[in-house]
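The next part holds the structures, each set out as structure tokens.
In the two complexes below, subunit A is the common chain; its partner is subunit B in one and subunit C in the other.
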Partner chain A sequence: MEIIKPFSQYLAAMLLAPLLPGIINRVKAFFGGRRGQPALQLYFDLYKLFRKTPVYSRTATWVFRAGPVTGVCALVTALLVLPFAGRPSFLAFEGDFIFLLYLLGLARFATVLAALDTGSAFEGMGASREVQFAVFAEPAFFLGLAALARVGGQTSLSGMFAALTPETWRVAAPVLALLTAAFFIVLLAENSRVPADDPNTHLELTMIHEVMVLDHSGPDLAYILYGAALKLWLFAALIASMVLPRRTGSWAGDSALFLLAVLGVAVAVGVVESVLARLRLTKVPYLLITAFAFSALALIFQVGR
Partner chain B sequence: MSLLLLALALLLCGALLPLCLRGRPGAPARAGTYAAAAAALAGLSGALPVLLSGEPATVSFPWSVPLGSFSLVLDPLAAFFLVPLFLLTGLGAVYGAGYLKAYEGRKDPALPWAAFNLLTAAMLLVFTASNAVLFLLGWELMAAASFLLVLFEHEKEQARKAGFIYLAAGGAGALLLMAMFALLGAGAPSMDFSSFSPPAGGTASAVFLLALAGFGLKAGFIPLHVWLPEAHPAAPSHVSAVMSGVMIKTGVYGLIRVLAFLRPWPEWWGWLLLGLGLVSCLGGALFALAQHELKRVLAYSSIENVGIILLALGLGVVAAACGADRLASLAFAGALLHVFNHALFKGLLFMGAGAVLHAAGTGELEALGGLSKRMPAAAALFLAGSAAACALPPLNGFAGEFLVYIGAFRALNAPGPVAIAGAAAGLTLATAGALAAAAFARAYGVAFLGEPRTERAAGAHAPGGLMAGPMWILAVLCLGSGLLAPLLLGPLAFAVGSGFGPYYGFLGGLEAMAPFLYVSAGGFALLGIVAIAAAKRRAFLGGREPAVAGTWDCGYAAPSARMQYGASSFAQPLTDFFQPLLRKIGRYPVISEYFPAKASFSLEAQAVFYNSVYMPAAARLRDLAFRFSWLQHGRLQIYILYIVVTLIGLLLWKL
Partner chain C sequence: MNTFAELIIVVVILLDMALAVTGSLSGCIRLVAVQGVVAGLLPLLAGGGAAHGVRALIFPVAIVTLKGVVFPWLLLRARDRSGARKDVEPLISYPASILLCLGAFIASSWLGSRLPLPETNVAWIVPASLATIFTGFLLITTRTKAITQVLGYLVIENGIYIFGLALFVEQPMLVELAILLDVFVAVFVMGIAIFHISREFDHIDTAELSELSDWRSGEYGK
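The block that comes next holds the complex of A and B.
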């Protein structure tokens, strides 16, 4: 039975991830007074796209085809490191979150190169913005994880979250609150949500992530959409494990609570997206620098505690 | 050891033979290549056993030079630097045989080959010398030989300028090192390293600072880097590979030797190293992003990587000074591992850049594009090198940085200063990593992807087998040493042990083992998942032919290659943000008429340190020197008088 648990956790993440964009859309529809897409829309889209024949640009090379595959695989591998409901992952080792961070970097690198491979000015624009925001998002995310490592005195992601208990919230609430805020901002920027980017925009000039994948179609686009859902899941899971450290003793209870918290993060993203306007592109770095400042403050508080 | 002497002899033959065979067409190149390749094989088979067994070997010959003795020591640390040296010079020679063919008839091939082999021999001496005079001899030979290679295309003004800056930097560095050895050897019976006694207090710090400046001028960290982005691109590409991959590491090597000698280390040394590493790391990555020439991007990336090595050394020294030996050992191991890994991927990248220069005749990013279709294999290899340089798993660039990261995270849970050092090191690595990823995505994307921007790029061709072969080998080594990193830990532990003390070597190997096994497992998992996803994709397609169309340009039907995002536009959001540091000079057209005519726009990346620090300082120095111009008459008799007066003065002083 114990053997099955990590597998079922991993499978749950892989299968439930496409639900999150659906939830966000439902929340936005609710705020907009619309009925909205079904929550399972992404599953239908994926099913449809996997059966379609792709169209490739004459300019593109194998880099364009390898981009989506590499991107989604980097995330599937990153999920191997991600703990589930405060329980250790398959690959839990010292410094595993560095591995995770660089896998995210690999996914980004592959997507950016695939975009540049089309030779389109618009896709180049998106790629340029993507790498720019990464320069500000990565230090913020890294420093946040560093502060979290110091909270539990742990150096693996699974260890950090296993060490997190409701008791930690009682003694180090400011640190954890700052970290939650920082991670949430990074989540919004990294997953191209409002206020950093607007997934629903229909003007290529203002897009970031969406414009990079304009030329992809068929199974390639399906991989990209699925990869984006996994990335959202990854960040949502980190935040969920932080806000709601495990309470019950049972695996099933913890897992159910964790899943609820992940869905809650998606709802929060939807709410933010409904009530906030998008920032001007030149202001996004400042948003991320704010996240960096939160992480830095958290680390300072934690060192001084 | 005898194999190493054989390699030295072969290299000296390889330096002389091309000059002797000057008359016969093709012979100098052949002699130079075969000698370098044979020496590389001999050298590798001499160095590897030492690295695997950890047993040092020594050899010593009498030498008539005053204070000098021809004594060589091959310990694991030296062997650890010799392996990349011979790998890159051997492969570089094969590559060079193909690369220099393009210059046949225009350039005399004898001199570059002689200088190349002399450079290798000199580096061999630097890595193994155990006598100060011999070391300095190797050091100066290295500078002289590489100076000749920098001047390879001396008809270009850029290359001449690079040569002069390089000469000045090399001379200054050597002077500082002579002062350092004079301090060390002041009370010693001979100039053998073994006879030096460790100085204490202020003298130790003076020795350290002299070593840092002297070796730093070779290692090329900021602010001592000004020669590097000029000289590395000017040399032929296989030489750039050797210079960036190995030659700048002679500075790191020297620094490690001096550090090992000057124990115990005061804490502020570590902070100084850490600070310099931080500045070089971030500055190198940022400047790389602003460059417009492929080889200059790579040169600035070398500065970044030297910064990473320095950062790790600094973290290690701070940790060791505070008694945190475990994480010090991790940091030292990370520094050395990165030395090795950087040699592999930077060698590969410079060779790839050489293939571009060879095929398109230019390395200007804005003139390139679409090379991936014209030279698919070379483009894929360059991509592998770029990914390794961005430290993306499962390639080798990740392994060394990962060790430094673990060290930094261990440091976080330690008290006080060590925690600050750890946070600084980790944060720098993360930021520089993102910047480097941007720089390499830009360089690769603009040069190799999309549509060619000029006729020259459109007419590019794939490199021949002599050039492609070494690149394949290096790419396989990059992947192999990334996936099989745990296997490198044994030799690494020996090298750390002989460089910093056996205690650190043992600890470093032990501490890194478990995480490395996991990272290796993760790398294999990634490759497996990629294989599955690619197979799945094929299954989804089910044998249907994908449709082919033009790129979707938002409805615009006649996009041209000039409309693609270029190197300047790609970097613009970031370079604008960091404009106070980069000080780009842009000239924009002013549109005044209703129907704007043809306009031009230019953007120039500045050598900030060269322009705003070194040039004013040099001008000041020149003014000072002119005050003493009354000493110079240009008359031989008076100069002879000066010499005689000096000699008599010295004689009287000694009497």
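The block that comes next holds the complex of A and C.
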């Protein structure tokens, strides 16, 4: 009976993930004074794309076809170790946060290779930028998770977030506040959200993530869109578990609160996108270095405590 | 309550980093003012409340007025009168500055754990003060404007003030006021000096103030 809960948590994450981009778009539409597309738009898009026949360029090889599938598989696997509402996931093991990081790296690697494989100059440029920003984003994320491991004294993600209680927030509030800020910046950069990248832009010169997936079509594009939604869910879930350590005791109550917090993170992303302009491309590393500094400070604080 | 004091310490360190990356001169002046005010409020929170009634209140009020209102006003005035460019013109890049700041914080937490100091009731106060002092030195050495030298001096003063808080919760009021007066006179005099420098030399770039003559380099023998 106990195996049901982790499975339903996992299924909930897989099914609800495409909702987050819809929420963000609705918030942006609200700020812009528009009605906006339906919140379930991504589900319709995915359904439509899965029925289409993909088109492949003659220069593209199997690397191009393998990219989206590898990416989405890596993220589906990454969700296996992600805790849900402070409850352990069913694949939790010691040191699984490194596993998570490498899965995210693998997904990025697959996307970048697929982009390079098209032979298009634009996509190569996007790939180069994606990797350049990842150089700054990954250390920030890694150090942040290391600091979190240090706070809870655990090395599995489930253990880390299970060890977070309201008491932890009372004792180590500065550390957790810094980590939340760092993770939020990493979320914005990793999911190509506004201060780092604009998901709506159609100008190849300024795009980062969107330009890499220009040549994908049909189910391949659906895989990429779904993978992006899963990645957004992953980061939003990490932040939600961090700011919401309170346990009501009942599994259903916890899960409901957690889902609300994840949606709250999506709303926060939407608000940030509405009130901020996109940073100049050369300024994005500064933003990510700030996130790195936040994570590093949190780690130093926790070690020196 | 100590968690709150720790949050203030974190704010002080974040302000250090912000100082390391801020490009605008007026932004820097405001950040230094905010840091002074935040540091001035710290004893109210860390010292265990109203231990000495009026005395515990007067001193923070004096600090907040001086560092939060008078200094920014003097410095902004000096900046406007010198007619200098609006950015700080750093000698090293901003990411390098922030990494140096971070390294300074790591070094000072190591140093803070080595120093034979009395036990403080707020964590990280010694590393934060040392890191703030280092940020002051960073501002002095890697920025070329004369005003940023004054700012660096003020940041160092903030750091020393926080360090004093860590060591002595009970400082003689006379000493504190004397330090404050010294700082005030220093900023006042430096503000005037900057104005005179810019009037004499048409700039306040310290890189070109290294020679004690009005000959430019390369013009010797004329």
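Keep this in mind: the second predicted complex is superposed on the first by the 303 of 305 C-alpha atoms of A that agree within 3 Å, B and C clash if a C-alpha of one lies under 4 Å from a C-alpha of the other, contacts with A are read in each partner's own complex, and residues count from 1 in each chain.
Here is the rule we go by: a contact is a pair of C-beta atoms (placed from the backbone, for glycine too) under 8 Å apart; a residue touches a chain by one contact, two chains touch by 3 or more.
The shown structure was predicted, so the numbers you read here are calculated from the model rather than taken from an experiment.
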| item | value |
| --- | --- |
| Combined model on subunit A where subunit B meets subunit C, clash or fit | fit |
| First (subunit B), second (subunit C), both or neither touched by A:178 | second |
| Subunit B versus subunit C as contact partner of A:170, first or second or both or neither | second |
| Contacts of A:293 with subunit B and subunit C, given as first, second, both or neither | second |
| Touched partner set for A:301, first subunit B, second subunit C, both or neither | second |
| When both partners are placed on the shared chain, which of subunit B and subunit C touches more of subunit A | B |
| Touching partner for A:285 - first (subunit B), second (subunit C), both, neither | both |
| Minimum C-alpha separation between subunit B and subunit C after superposing on chain A, in Å | 9 |
| Subunit A positions touched by subunit B in one structure and by subunit C in the second | 285, 303 |
| Sites on subunit A touched by subunit B in the complex | 50-51, 53-63, 69-70, 72-74, 76-77, 80-81, 91, 93-96, 98-99, 101-103, 105-106, 108-109, 112-113, 116-125, 127-129, 131-132, 134-135, 137-139, 141-143, 146, 149-150, 153, 155, 204, 214-215, 218-220, 222-223, 281, 285, 299, 303 |
| Residue ranges of subunit C touching subunit A (in the complex, touch as defined) | 3, 6-7, 9-10, 13-14, 17, 21, 94-95, 98-99, 101-102, 105-106, 109, 112-113, 123-124, 127 |
| Residue ranges of subunit A in contact with subunit C within the complex | 170-171, 173-174, 177-178, 285-286, 289-290, 293, 296-297, 300-301, 303-305 |
| Sites on subunit B touched by subunit A in the complex | 369-370, 372-373, 376, 379-380, 383, 387, 390-393, 398, 402, 405-406, 409-410, 412-413, 419, 423, 426-427, 430-431, 433-435, 437-438, 440-442, 444-446, 449-451, 514-515, 518-519, 521-522, 525-526, 529-530, 533-534, 537, 540-541, 544-554, 559, 561, 563-565, 569-574, 577 |
